[in-house]
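First up is the structure itself, then whatever we jot down about it.
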Amino acid sequence: MSLIHDADAVFDPNADRLREECGVFGIFGHEDAAALTALGLHALQHRGQEATGIVSFDGQRFHTERQLGLVGDAFSDASVIEKLKGKQAIGHVRYSTTGETILRNVQPLFSELHGGGFAVAHNGNLTNGLTLRRNLVRDGAIYQSTSDTEVLLHLVARSRKPKFIERFIDALRQIEGAYAFVGITNKKLVGARDPLGIRPLVLGDLNGCPILTSETCALDIIGAKFVREIENGEVVVISEQGIESHKPFPPVAERPCIFEYIYFARPDSIVKGRSIYERRKAMGAQLALEAPTEADVIVPVPDSGVPAALGYAQASGIPFELGIIRNHYVGRTFIEPTQKVRELGVRLKHSANRSVVEGKRIVLVDDSIVRGTTSLKIVKMMREAGAREVHFRISSPPITHPDYYGIDTPDQAKLLAATHSLEEMRQFVGADSLAFISVDGLYKAMGHERRDPTRPQFTDHCFTGDYPTSLTDVVGESAKQQMSLLAEAG
Amino acid sequence: MSLIHDADAVFDPNADRLREECGVFGIFGHEDAAALTALGLHALQHRGQEATGIVSFDGQRFHTERQLGLVGDAFSDASVIEKLKGKQAIGHVRYSTTGETILRNVQPLFSELHGGGFAVAHNGNLTNGLTLRRNLVRDGAIYQSTSDTEVLLHLVARSRKPKFIERFIDALRQIEGAYAFVGITNKKLVGARDPLGIRPLVLGDLNGCPILTSETCALDIIGAKFVREIENGEVVVISEQGIESHKPFPPVAERPCIFEYIYFARPDSIVKGRSIYERRKAMGAQLALEAPTEADVIVPVPDSGVPAALGYAQASGIPFELGIIRNHYVGRTFIEPTQKVRELGVRLKHSANRSVVEGKRIVLVDDSIVRGTTSLKIVKMMREAGAREVHFRISSPPITHPDYYGIDTPDQAKLLAATHSLEEMRQFVGADSLAFISVDGLYKAMGHERRDPTRPQFTDHCFTGDYPTSLTDVVGESAKQQMSLLAEAG
Amino acid sequence: MSLIHDADAVFDPNADRLREECGVFGIFGHEDAAALTALGLHALQHRGQEATGIVSFDGQRFHTERQLGLVGDAFSDASVIEKLKGKQAIGHVRYSTTGETILRNVQPLFSELHGGGFAVAHNGNLTNGLTLRRNLVRDGAIYQSTSDTEVLLHLVARSRKPKFIERFIDALRQIEGAYAFVGITNKKLVGARDPLGIRPLVLGDLNGCPILTSETCALDIIGAKFVREIENGEVVVISEQGIESHKPFPPVAERPCIFEYIYFARPDSIVKGRSIYERRKAMGAQLALEAPTEADVIVPVPDSGVPAALGYAQASGIPFELGIIRNHYVGRTFIEPTQKVRELGVRLKHSANRSVVEGKRIVLVDDSIVRGTTSLKIVKMMREAGAREVHFRISSPPITHPDYYGIDTPDQAKLLAATHSLEEMRQFVGADSLAFISVDGLYKAMGHERRDPTRPQFTDHCFTGDYPTSLTDVVGESAKQQMSLLAEAG
Amino acid sequence: MSLIHDADAVFDPNADRLREECGVFGIFGHEDAAALTALGLHALQHRGQEATGIVSFDGQRFHTERQLGLVGDAFSDASVIEKLKGKQAIGHVRYSTTGETILRNVQPLFSELHGGGFAVAHNGNLTNGLTLRRNLVRDGAIYQSTSDTEVLLHLVARSRKPKFIERFIDALRQIEGAYAFVGITNKKLVGARDPLGIRPLVLGDLNGCPILTSETCALDIIGAKFVREIENGEVVVISEQGIESHKPFPPVAERPCIFEYIYFARPDSIVKGRSIYERRKAMGAQLALEAPTEADVIVPVPDSGVPAALGYAQASGIPFELGIIRNHYVGRTFIEPTQKVRELGVRLKHSANRSVVEGKRIVLVDDSIVRGTTSLKIVKMMREAGAREVHFRISSPPITHPDYYGIDTPDQAKLLAATHSLEEMRQFVGADSLAFISVDGLYKAMGHERRDPTRPQFTDHCFTGDYPTSLTDVVGESAKQQMSLLAEAG
């Protein structure tokens, strides 16, 4: 047992990346609702690989299938899709941020409420979820999961408003934090985005059938048209009568999470009219402007660093080369060899392309440094492959603060930039030079002149410490100590 | 797909038996609590083979493992038992009576309530479960299962009484029907038996550690001593302070379910000081008295008819012989052959022992007739093996009414005795003669002079239509239509 | 890992039984050949539970499916049966005697020979298999299994005779030991029984389609007629031209293995015109005659001791009672509890029926004692249940010699009767008295006046040391040291 | 069932690629032999993903583990590696070219020969394998697999030479075709490369332990040094006495398969002193020279077209952009949607990056066209994403002839270039222009002046029809008709 480890433990540039929390998808009125939801979730797989689920409604009954693992595994069997009958469906992919990854936590969550069933899927994290949960339990509520999302179900169930949509809004008014919700009832598909629009949600259309989903790439995979982004603080209700929009919150300017642009969204997704790929290339180009260097080749850390590296290469005129080769066949786990083998420095997921690197001055481009543990291995790998100089360029600013809105960040003490100066970081990773894009440079790459400190255009607390909402659960006590006493084995 | 069927569909004397609902086990203060619970559940396996679960508490955390299938499969892996840490544990085996057999319905159910976690396992059925559920949902409760048992969790969660045990009793006072509950909190092991004692519950002791379980055979397997039966309407609370007994209901005479004696309990279990095996032999002997016949051999329908057949044989002096051989290696499913093969009348589980039967006048003894579909196949098998005469003797009275207390009976219209006279039944099964024990004869075998019609000593509605409690859910509407809209695939 | 054990290790009266080696089945000319073979194998499941396989031939191609585990699991899926196309098929159930239980050893074995494919299934054991194997390897043969049966394939492949049947007989003439073979080629179903007829093989008929199988119970399950036993030393060849019989060996009197009667065959199987059940009852009756005792009840060790116990009870007039209850739900493995729990003497498969035993003088009847380890546990269990006296009666003579013909016996040093006098055995098992049937008594129960020492009617070396064939492999060296160097994990 | 398909069926640029056959790895004298072999095989995973196996020898016994699926799944469990004891081991990854992909075909194949065990793994294909097989079967050989590799085992087994190495060479002299073999006996690690060196084999060294493997990337992953390539026609024998080299064939110039350079080898592998990545970039550059075009962006077909596209971009000065985004999370199978959904043109593995493509003249670079079915889908995807012009450039010459040396090519009739002119191919794929590198251009990129038609430097029959060996099996009859009659289900 002790010899088996996650491949990441041996060597993986992705081992030190932030994890996105979730992706959501919902469709209304299509006879292949579940199949299309599965395809949409597949396109959103980069947003969460731990678990996935679909709930459909066939006019009479709700059907649900939830699985640990990938969409392509959970929904590869036609018999599974066939059981998910009905013309409306919602689905979810998940990388857990709160709640253990056990089946009863896998979304969409479902409950039969007075008046009928309600299923909901959530991307984001509630910053007062534990506080609300404690109050509800004190009031006799029984929880079926340890997920913060279940709070929403209870709040809807307990609302005394007469109509479902009023009860839904009643519940939304009690929660804080970041969310994109999609839900279905026996009549409606609903969606909601938090007041600041921290987490994304877009509206699409497939031959007249409305779709709500996290990214446009989930529309593209099934050939659906992009209609518009759901606005921050907007609640949409889709029924046979069409699409209604509600604005239950006081109007404020949106502050979408900037990490979607840097990091999470798929390169081919379009946000605010421009592709993520273009934004990332612009970040690389801006980085070349802010932190130029003499070098022979630009080497991306695959796959996350590729667009920024291309932008840097094009801006600097230095050739772009694949100096690191990725092995596409890595499973989840692998043998940890004996001590003797471990000293060999086995690289399961990547290897140096020596012919590109040897004797060269290289600019290594990545999109972020979190703990720094992987960065130092990559730099070492480049040096062992004969790189003469290694200049490390990062297309996001230093990450100094943890996230509470649905991104899984390590404790602040483990964030390299929270505890090291730039020079200390350079020494830690072992590069000849190290540079990060500036915060204003990042905003510039995003099309703004600079960050507006009085009304920042993005949620960017990881770089600035400027949290855009209250953090009810965090204040006073550690969230983790509050979690369920139950450890479920299966 | 359509070619695979339950073996029972092909031919199985047990296919037409009633199904017991559940067995429960709980132990307090033993360092091997989970292992002992698994062993106890194994001894109770005859009470339910569809699913099993254990919840333990280790002083800090609750641990739970729930699985579809047999105890010996679910808990065969030592690593599973090791995860179920702690000195108190409860467990459950289940044949579902309400709620689909899906994982989230498998007991024990657990919830964290205000004040700490509570896990509960239930043998029986609530006759007002759906009515209570509807009221609770109307009041904002969210259900995690379709099991009627979850009602108890919600009622405890919502009780405003200050102490746990008061809240538990508060909940019990609101429910009707048949139950034996065992539960654990972070301090206590609790047990409760319904006011009439319809379902069984006994107290045992293993070197000072109290045990609550459905039958004495679960004590025997681990060498525990039998202490006493929990009384009808009794609530016991076991803690480090010892065992407290509560009597929250008005005192009434007990009316245990007579089917436990005829049918469900294991032959080696002891109830009211006499072994089930002895009771069943007495039923056979009484039957020989009431319905004697000239014959050459007594043949039991294995395995359920064996004790009564021995009793009949000893009382009548006719030799007891194994005229039917059972194949012990049948899995759950088997091939349904093509039409051509089907006509061969394949017998997967049993076969005639021709040398015993051929040319003989046989008395075939079974413990019950439900639909009669299997009985006619057995009689046919005996005739095909050359039996000259087949006299069918049944050690329980005709079943004319369905059960609502935790036994899975078919609709009344499908009960052979509900729609056929004795002579019609004889013709249906194809026997030369057919006789059932009388109701008074059954009571006599149980040690009473006769059934006391004013205060019947047993719950015996299946034979008499005399239901001992109100049937709130049944009155007015079909229970099945009220069930959850959710069909969970996984 | 180390906490998981076979249930038998904890407590199981069957743990100390001899293991049958195999059962075979073949059918010619039926469109449901594979389905019928699966059913026949199911009826033979008592002859081997470790693995099973079927090979069919559809006129063009051979199809094969081999699995570890039970027939009802391996062939429960209709899609598996559908792949086994064709009108002729053979099958096998196996308890391994030589060769590890790994998939490549599971029979039927198949090979394409010059002239076409040949598949064969074997019940028995070759006493010169290793010697032949060594010679063949020296001559360039490559083995696909560690099974002794493969020798036959190589001998057929290398025979220079022109016709298949000549090559088959050529091969048979080179092997020694015990065998019942069934095989198929692209034209024929063949069967062969060793010169002494040690292992059984019968011919049946289903609507004109010939069947070869180990026991008549495999005919009964599909409604096929019994035609006759294949004679000792007979080779049958079934083709569209009908059934040919060959007698390639010098004629000798048959000596079937007496263990089939005592032990292996199913009670409802018919051998030499009388049922096994009757033979076993006769052994019990003879035992009552040879070793009577004063007692209150006769208690069988289930299930193997039941017929002899009934015979003993009827002959002695002492009542037959189920003093031991069997749990039918035991899986293969179970938790071995901690030391503390182990001391409780957990009984997973059987329990005492105290009401039958307590205060009584009992006669415990079983069909054999091998190592004696289980017998002592049963006697102890009876005493703990309150038996006043325990008289142990065994319906076979003392087992003093190991088998080499397909029965898995422990080393001679572990056979209780090989190293203990009767009185020492009585002390070992802890009984008040102990008696075995005499060898002549056994022959008497089988319908002979006595054992004919000059020409014994049965193969009975386990009781007498009189091995009926030469033991080429045994002489000179330990068989086990000769086995393959290859340990295959999967 | 019929609704489930390989994801490739829906849409996958890789669906139309050639499949490499196999990769091999062997190590001698290292205490972590099996773990290192697993790691080496992982690095060779691109050479075969269908099955994998390892055989080790511990001084006493051979151990083997063979599995369908990926190395990272088969050997992720430490307990599996622990069973593969010993200091020498060989391993194999496989994409089947002959023989069904069933477990008994998975390599290394093992057999116990007279004199001891021998295990062998093979990359390549024998062009007289079926002919030899037929002769061996006629001579009484029994095959354990349908793999052509087993011929070698039989030839070694039947050789009458006294020493193992003589018998091995005796066998090699009888076979024709392409091969790199690695094998172990109880004393030696052996390797052999076919007389022309069609398939690759290199010698490495890890702290004094010799390694034989297909590519240098399998040395890099464990930090082993590259020593030299095994020469064409060379047989190496590694033992405790060191490394011996044999040259049993008449000396001829080598002709390695050019597809290793274009297509199969990993970009970071080094062959003849230059990296594969550099060779592929040179092919792209040469293609830019031979077939220039005016365009706005160079778009690679990921991942195979990336190096050539980079070479083309650098040579042409046109920017390189990721116009196609790959989804890394595709499992093996996925839902085939209903007809309605199918018409949506779902793209599971790749999607257009519209922002790069829209309104642009693009040069699409791929490394080959086989059937052309995928190429037309990619061109269509680019046009749907708004590409104004699509110029398709292929970095290998047109494939007009099938392979018989271990590469899985479709029948000649299905090779697009075998049946279409260049203009017809352009129309078929729907490009505005289409160009392939010339054969001489390819040789130029490989560092030669041109192809030497009298003594071609490479095996290049797929482009030229010039097969370098006799094709014994092909002449006269279809290979497929010769294959085994046995279809094994499991």
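Order of writing sets the chain letters: A, B, C and D. Residues in each chain are counted from 1.
Everything that follows uses one rule, which is that a contact is a pair of C-beta atoms (placed from the backbone, for glycine too) under 8 Å apart; a residue touches a chain by one contact, two chains touch by 3 or more.
Keep in mind the model is a prediction, meaning the values are calculated, not measured.
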(request) Any chance you could name the chains that touch chain A and chain C both? (result) B, D
(message) Between chain B and chain C, what distance separates the C-alpha centroids? Give it in angstrom.
(response) 37
(request) Report, in whole Å, the distance between the mean C-alpha point of chain A and the mean C-alpha point of chain B. (result) 50
(request) Quick one: report the Å distance separating chain B from chain D, using the average Cα coordinate of each chain. (result) 62
(message) Which label fits the chain touch graph of this model best, line, ring, star, complete or other?
(response) ring
(message) List the residues on chain D that touch chain C in their complex, please.
(response) 60-67, 80, 83-84, 103-104, 110-114, 116-117, 137-144, 150, 153-154, 157-159, 484-490
(message) Under the definition above, what is the set of chain B residues touching chain C in their complex?
(response) 1-4, 7, 31-32, 35-36, 38-39, 42-43, 45-46, 49, 70-73, 75-78, 81-82, 206, 217, 220-223, 266-268, 270, 274-275, 277-278, 303, 306-307, 310, 314, 319-322, 325, 327-338, 340-341, 344-348, 351-356
